[in-house]
Structures are given as C-alpha cells and as structure tokens.
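One chain, chain A, links the two complexes that follow: it is found with chain B in the first and with chain C in the second.
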Partner chain A sequence: MAESEVLHAEHRLEYPYARSTGPIIGAFLTALREGRFVGATGSEGKVIVPPTEYDPLTGDDVGELVEVGPGGVIDSWAWVSHPLRKHPLQVPFAWALVRLDGADTAMLHAVAAPGPEALATGARVTAKFCPEAERVGSMADLESFVLEGGAA
Partner chain B sequence: MSAAGRTVRPVSIASFAQSQNVRKDNERNEAEGLQPVIAEVFANVGITKDDVDFICSGSTDYLIGGPFSFVMALDAVGVWPPRAESHVEMDGAWALYEAWVLFQEGEIDAALVYAFGRSSLGDLNEILTLQLDPYYEAPLWPDIVSLNALQARAMIDAGKATEADFAAIASRSRRDALSNPKAQVRHDVAPDVLLEDDYVVAPLRRHALPPITDGAAAIVLAAGDKALQWSERPVWITGFDHRMETHSLGARDLTVSPSTAKAAEVAGVADGNVDIAEIHAPFAHQELIIAEALGLDDSVAVNPSGGPLAANPLMSAGLIRIGEAASRIRAGQADRAVAHATSGPCLQQNLVCVLEGA
Partner chain C sequence: MADGTTDQGPVTMLATPISLDFEFTPGVAQSKFLRGLERGEFLGQRCGTCGQVYVPSRGTCPTDGVATTEDVVLGNSGTVTTYCVVNVPFAGQAIEIPYICAQILLDGANLSFMGLLQEIPTDQIRMGMRVEAVWVDEAELIPSLASVKYFRPNGEPDADYDTYKEYL
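And now, the complex of A and B:
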C-alpha cells in the first residue's frame, strides 16, 4: 500500500487532572515563585533537592525544610544543539544535573551557555529566575541556570 | 529455598516468536500486527489458545494514544469463551514475570505472554517524557536522548567509559544483527567510522541511540508435563527478580545500577557460568552499566542477537531478550544465559531472568 493511500487522523490523548502538590513539593514550588530554593532534610541529615515527602534512598519521612542555593555545581550535563519545541530554551543549551549549595542531591534543569566548550562537570552555576510577575509556582519559574561569573 | 527470587516451581520458555522489526508499520493496527506472532508462537509447539490457562500482555496506551488499547489487541488471540487475562503497562518482560508468579502459586500450568508497540505513531521524545516525575522533571520536557546523554557523560566523567567504547558496542551489536533476520539495523561498520557521526545530544552520537522500531513478540510458558511435551530441550527459568530505584534522577548515581545488582543477586546469576547475556540496554553506554551490575566477565557473549541497538520495539524489547536467550539455549549454543529488561528513565527499573537448558 502506498503511503498516500494510508488514512491518517490526529488524535490527542489528555489526562486533564488537577493535582495537589502537598506540604513538601508545594513548599518547593512556592519558594521558586519567590525566587529561592528549599530542600528537605532526609536520612543522616542529607538535604534532598528538589525535595520529596520521603528520602528517595531510604523511604524515611523527611524532616524540616532548609534554604539552599541559589548557586551550585554541575554534576553532569548534555549539550543540545537543536532544541526541541517544548524545551525550556529555544537556543542551544545544556541539560544539567545541578547540585545546589547545601544540597546532597541534584536537580535537573537547563543551563544557558554560549557553547559546550564553556561547560564542564564541576563548573559553578547560579539560578536565573523569570521576572517576578511571570512566576506561577512551577519549574518554569526558574528560567535556567547560568555560569557563575556571567559567561552566558 | 531461602532466596525469595529462586524458582520453587520450574517454568519453561516453551516457545518464542517475534515480528519483523521495522521502522514504521502503518498498514496494520496493533491486533493485526500481533496476530501472526501469536499464531507462530502457538504453531511452534502445536497448540492453540485453548491449551493455555492464562494470558498476560505488556503495552502502553501512550504509544497508540487511546485508553485500554490492550483490550483491542486481545482480538489477536481471540478470547471467547472468556478466559483469565491480565495486562501490565510495562514491557512484556514484566508481563512474563506476572505469569511466572501465578505458576509459582500453582494457579496455572501454561500461559501466553505477549507485548506490542508501534513506536512510530508519535514523537518518542515527547511521549517518554510522560514517564518522568510530574512536578520536577516532566514540566521541563527533557527528552529521553538528553537524559541518557547525562548518564553517558557521568560515565565518561567517572572514567568508566569513553565515546569509543560506545561506538564499539554499537558496531558489534549491528554486526551481530547480520545473523538475525528479524533485526532492523544490520550492518558492519567499524567503530572509528561511527565516531564520525554527529552528536544528537552530546556526548551521544547517532550510533549510540537505539532505532525507532515497531514490533511485537510472544512467549509460551509451560510447567510440568506440558513443559516436557512441548519441548525436546526445555529451557527453564531458574532465577527471576526485578527491582526499582528512586524516580528522582538527581538522587541516583547514574553510573551504576544497584537495582540490577540486587535482582542479579536474588536471581542467582553468580551461581553458575554465564554463556550469553541478552541485555536490554537501548543506549550503548547502558550495556556497560548493566554488564558490571550483572557481574559478567569478558567471556560472556553479550547480545548475540544484536540487542536493542539493532531493534528496539518499545514494550517488547525486554521480552525479546528473554526469547532470544532461550532460543540460543534451545539451539544448543548455550547452556546458561541471563536475560535483562529495563524500564523508566536511565535504567531506573531492572529485571533479571536466569535461563538454563535441561
């Protein structure tokens, strides 16, 4: 059968549920809206960022929330030369696992940089938030991380 | 036996069949693609659907874009009069595990397990994002290639691998696939030529990625008399376990696979010599992580079928690993094999199945 003879139809599958984010994830997203980061204290005093209601390794309940960041180091990174349509940045950028100052785990986000040669594991970055009026309490309130010293 | 995952009741991989793995099959729906595979897996041992006590499948609604799509796929088997059936929204390797548990409970003596998926129907970079943490990860739309590039970079930074290692794995896999007529990507290209590929997401070049594959696979399991009647050389599952790690990507050491190591321990991989391993490592660097976690040495033939770098039909690629490993034992090319399946981002969840010839 030739390609032109095959019938095609657009179909959109959605699960349009509203979810409550709860006391830990909600606190993190609220802090993002305020332009800051919080983590949760897990087992053996480790600070989990982004925080979950349980320690991701032991399953124990987490304790108090603590302030972390806004600077941190790159644990790993991947260079995207051709951003996809839903990516947070529409110019070449890096995905990175960033371990914020004061945190023992890393968070995934974009790092803006002029090119892959400007980046390295262990490089220091800092948060660049969206303008306050545009923040809604989501991961997108953080526009990206940028290299400390302003290389981007 | 003391270890929870060791086989109490022997179960045999009695028959295996898979479709031709192709980049795009847009002429047949899921049931139409499955039907010949189901017919073949039964015909191999001369049985019909009436000879199995249980049917279990693995697939995902997100590929077809419609709810309960596995119900329609049952038409490939035909379930009238009504019969015992189940489904997992996972690779078929986990459907096989569910059936195996029913065997252990003594509920059944024979089962059909199948899996199917048409990866070509949508954009996998967007679809697979939906398996991620819905608050912290999915809203950023990190695609599966980028996440695996983070894992590959972590391997390189840790001194555990180089880009040349990834190319060597890709080259070997697709060369081995030349002897697998069902494989999709089959060619003999040297690693240094592959290293001239462009990066898709650095440090992953084109060759380190799996192909996008439409396909389906099926296995018949049997115990007791049926296992002996349906096979001249039964292939027994002698160890079986699966384990999962946290979904918080940044809380994991991406260069190791403790879930695979734990599953391998419970399944008893180290209790005997391993002749071959079929590893479900869709991205080249992942083979190194899983081989280390399984404790394999250089004498083990890894992915003689070509593995998922040669054909990666979503939802069946793990089940196919079990089928390929069993086929080699049945053919007398191996006595003991390990099959592995993975699920989730960056090897989050892993299943280990130990197979032995009679």
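And now, the complex of A and C:
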C-alpha cells in the first residue's frame, strides 16, 4: 500500500458534562448573567471573589454575599501573543488576576488591551460583559476586562 | 438586577463539556480495512505463521509477532458468539433502547468484533444466531464502520456451538 493510501481523519472526543453549581457559585453565575459581581464574606470580614462555599482559612460557611466591582485593579498579568481556539478572545490579550473593588482576592480573567505596553500591575480595569441577550450564567458572560478610560 | 433577567431563576447548573480534538492515522493495515468498508466488504488479514485471520487487522499477529501480509475478503455473514441487550439510557445515546450489541464472528475470521443487531426482538437473540451485515446505500459508503448500518438475522439455522466456542 502506498503511503498516500493510508487514511487520516480529524476526530473530536467530547463529554457533555454538566455540574450543579451549589448555592454560592450559582449566585455568582446568576449575578454574572445580570451583568454584576458578587463575592462571599469570609473570616475577618474579607470578601472572596469568586465566592467559595467555605472560608478557606477557617472552613466555616461563608457569610452574606456582597456586590463588588465592576471596576478593579490588575494584581498580575501575562500577555498572550497567540490566542488558542478556546481562549476567551481571539486577538492577543492578557490573562490577569483582577482584584475587584470591594474584594480581597483576585479573580483570573482576560484583559483586552492594544498591547502589553498598555498594561501594568496596579492598572485600573473595568468589566465588559457580553450583550444581555447572550448571557447564560457562565464565566464567559464576562467577555473580558478593559482598561479604565477605554484604551481597549 | 437588570430588568428581564429575574424570571430565569437562579443558575443551578453549568454545562462544562470537555473535548479533545485529535488527528487519527490508522496505519496501513487498518486503512486497508477501512477502504474495504468503502467498497462494502470486510477485509481481514491472515497470519502466515499460525493461519489465523484477523478483522480488523492491526497489521501484525499478536501471537506470532509477525507482519500479516495476506489480505482475506471475509463473508458478509457471521455468527453471534455473545451479546448484550442495552436497556440503560445514557447521555448522547444515538439508538433507541432496548438494543442489542453482539460479538459477531464473520465467516472466515478468527476474531469477533462488536456490531449492532437489529430486526429481531431483544428476547429472541441467542448465541450461535446467524446474522448478516446490512450496508448503507452504495453512494453513502465511506471508509468507516458507519458504512455498516447493522446486522440482522440471515435466516440460516443456528451455528453449532463447537464452531464458535473458541471465540467466546
């Protein structure tokens, strides 16, 4: 058999998992669908975003959910020059840890910016949500963060 | 809270599909088998040392460790060596339950493979039943087992147990 007669095919193996969110993550995702953020109040009054069901220090149930953001500060970031197919943005962007206003922890998401020179640790960003009709209650409802002042 | 979103209720479930995209190169022996399916025939390979016929062939004999080079066109009929009636629904199920998965030993082969059995009530399936492959229309034949729609009883008397007892 000639080499050219050997077959070749593209395959996709996929598992359609679904997860139950529980009351806390569910509330966070519900808020994202509504275009806002909530965090959980943990020990010493610290606000955890995204919220966990249990305080990471004491293991106690977290307290009230409180609204945070939509602005925040970049705690740290990494520039992605060549986005992959499953990345949230298909143009070069930054992965960043963003500490939302009112939160004591940072959450990971994409920051849209014209280039790495536009970004800095400590820079102010704000949330850019998908259009309301497209939001489904998922982390992807938050399209990205953008630099405050609209550089992106 | 934005207007018009409150009637959806709180989020309680999250779809988290995971997928793996990959490229598959079946190699020389399996390519031959798959191209045989494209012609509407089952193509196996015989080991030159022990004489066993494998379908689909991996290109080597697992017993003797030698390359299998002789191609063998197998019959369109075979014998059910064993089977399973599927009654349990699962995500992504493509066939209406209950249905039968059968191990089928094609005539001329020394290796059975799994096939879907149709056109028979699930309580009438039995070991030794003689079955035949039902292929898709000629224009729809492709180098894939999807070219075989299913197997069905071919009307012959059941095979004698001794003819397939080595293949259970």
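One rule holds in what follows: the second predicted complex is superposed on the first by the 134 of 152 C-alpha atoms of A that agree within 3 Å, B and C clash if a C-alpha of one lies under 4 Å from a C-alpha of the other, contacts with A are read in each partner's own complex, and residues count from 1 in each chain.
The definition used in the following text is that contacts are C-beta pairs under 8 Å (C-beta built on N, C-alpha and C of every residue); 3 or more make two chains touch, one makes a residue touch a chain.
Just so it is clear, the structure is predicted and the values come from calculations on it, not from any experiment.
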Which superposed partner A:108 touches (first chain B, second chain C, both, neither): first
Chain touching more of chain A, residue-wise (chain B, chain C): B
Contacts of A:138 with chain B and chain C, given as first, second, both or neither: both
Which superposed partner A:30 touches (first chain B, second chain C, both, neither): second
Touching partner for A:21 - first (chain B), second (chain C), both, neither: both
Contacts of A:116 with chain B and chain C, given as first, second, both or neither: first
Partner chain in contact with A:9 - chain B first, chain C second, else both or neither: second
Overlap of the chain B and chain C footprints on chain A, listed as residue numbers: 1, 6, 11-13, 19, 21, 25, 29, 138
Complex contact set, residues of chain C against chain A: 1-2, 4-5, 8, 10-28, 30-32, 34-35, 91-92, 143
Residues of chain A touching chain C in the complex: 1, 5-21, 25-27, 29-30, 33-35, 132, 135, 137-138
Complex contacts: residues of chain A adjacent to chain B: 1, 3, 6, 11-13, 19, 21, 25, 29, 48-50, 52, 56-57, 75-81, 84, 86-88, 95-97, 99, 105-110, 116, 121, 138-140
Interface residues, chain B side, partner chain A - complex: 26-27, 61-62, 65-67, 125-126, 129, 134-137, 139-143, 146-147, 149-154, 157, 199, 201-204, 246-251, 254
